[in-house]
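The following pair of complexes shares a single chain, chain A, combined with chain B in the former and chain C in the latter.
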Partner chain A sequence: MFRTTAVRVHSLVKGALNISKPSVTTTRFMSSHSTETDEQFDARYENFFNRKDIDGWEIRQGINDLCGHDLVPEPKIVVAALKACRRVNDYALAIRILEAVKDKCGGKVNEIYPYIIQEVRPTLTELGIDTPEELGYDKPELALQSVYDIH
Partner chain B sequence: MAGRLLSMRALPLRVSFQKASMSDMRSIIGNREIVGFGYNGQPNYADRPDFPLPAIRWKESTADIQALREKEKGDWRKLSLEEKKALYRASFCQTFSEMKAPTGEWKSVIGCALMLMSLGFWGYYFMKTFVYGPLPESFKEENRSAQLRRIIDLQVNPIQGLGSKWDYEKDEWKK
Partner chain C sequence: MPEELSKLPKPQMRRLLYGQIRKNLILTGISVTIAGLYMRLVFGDGNKREYAEFYKNYDINKEFHRIRRKGLFDSCDPNDDAE
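So, the complex of A and B:
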């Protein structure tokens, strides 16, 4: 199992290094301070999700990585991720990605999230994806008893 | 001690440090589809805002969920609202808003803290009433004013302290 994980992480890393070849600065895993520009970062993730042969595992890995960074993803990365979800036929994944992007907005969710939805709206109508608000998932729907309260 | 060593040898060796193998995990997660790396590489499920996509789907694959998956391969506009919600709940346990909903735990925390504080106050009152002896004579008002008169007469701290605030000409506090 770890071998397959290592192969997938290796392909993610290879994809990252391949894309930034034409530019002057590349991401090398030597120090924690990266010399990648914002455009290179966006392009790296957009190209990663735009791969034709991507599968559900890689999309999830990419989104989990993306959410680890201290930023709100650019709309074009979100668009690429949603199209990737369409290719792997996973609707719940698309909704989860939109919820995760909304969560990344942090305190400024009322300023940033409507902008992202506005930019992503053409893709949403093209693929037939509802926003979490349209599904009714912006408010809690079901309640779950906390595991600490179960005796 | 020798008895304890002998009984330790009787324990099965695989108990403490062996990692859960794939067959152990399969028996724990059952029929659920493993879909990703998750937050630590193990095929487990956790609703975490910082790792939004867990390693396994939430529900086991049943016949009706399989039917929904077939429909999912077609146009998503043809899915009804219930089907979309069912697809979401099949993959995920809680939505983000349910995950991050306030629990109200702060009220129980403040309540318990105040109750314990009140126990403390009752304890002090009990000690004062039944345990501590009376205060010494020197705490009485007339004893304290006599001490203050003596401090002034001795010219204690005459430069910047108490003696500096007394007017020795007029025998009263300085204005």
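So, the complex of A and C:
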């Protein structure tokens, strides 16, 4: 019994001394209403992705947190994320981020997604990133023409 | 010279789910109210009125003899000319 209490106290002390990884959101046990403005929210995510020492894990965590919110990411956040992918040499992640942004548009894909691609196009050409549509990833694999449409 | 493509205006990008849920809740409230009002005013009160009018001048004795003369009661004589 003394051994179990010693182990628990040891793990508590170890947790108190832990240095937390820099994350986009700080974990707080409070209600979900925040006093952050839209611009502060955008700036927080843009600064997170613009960190020079970001790694692939943190990019994925950031995008995952971003997709948990009820909004479509602003083009400037997408640009920062794509540049972060360039820094870690992860082209597949860049395509996946574009697919995630398209998915966040929900029912209004045809209004929002072309706008975002239009705003992000300079960065896409600068970094040499294709959109999922250009790679054929927006259609199912082996998408064959329906036999009823062939005459 | 590349021709100037019309730039798309910035659409609404925040609180899309919030707006969708709010619209759904409003529609739910409206349809619940309409359904409730219909059931109370048309269905409920209409049925009560029909029942009240049926039983306003209901003579159970007359009905008894009418059914008796059809021979539907096992214990009563259909040919008895009482009433």
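Everything that follows uses one rule, which is that the second predicted complex is superposed on the first by the 112 of 151 C-alpha atoms of A that agree within 3 Å, B and C clash if a C-alpha of one lies under 4 Å from a C-alpha of the other, contacts with A are read in each partner's own complex, and residues count from 1 in each chain.
The rule we apply is simple: a contact is a pair of C-beta atoms (placed from the backbone, for glycine too) under 8 Å apart; a residue touches a chain by one contact, two chains touch by 3 or more.
Computed from a predicted model, the values in this text were never measured in an experiment.
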For A:Leu127, using the defined touch cut-off, is the partner it touches chain B, chain C, both, or neither? Pick first, second, both or neither. first
Going by the contact rule set out at the top, does A:Ile112 touch chain B (first), chain C (second), both, or neither? second
Once the structures are superposed on A, label A:Asp103 by its partner contacts, choosing first (chain B), second (chain C), both or neither. first
Comparing chain C with chain B, which touches more residues belonging to chain A? B
Is there a shared patch on chain A that both chain B and chain C touch, and which residues make it up? none
Tell me, which parts of chain C touch chain A in their complex? 7-18, 20
Quick one: which bits of chain B touch chain A in the complex? Just the residue numbers, please. 22, 35-39, 41, 49-53, 69, 72-73, 75-77, 79, 81, 84-85, 87-88, 90-98, 100-101, 103
Can you check the complex and tell me which residues of chain A touch chain C? 38, 70-72, 74, 106-108, 111-112, 114-115, 118
In their shared complex, chain B is touched by residues of chain A numbered 1-2, 5, 8, 56-57, 59-61, 63-64, 67-68, 86, 89-93, 95-97, 99-100, 102-103, 127-130, 132, 135-144, 146
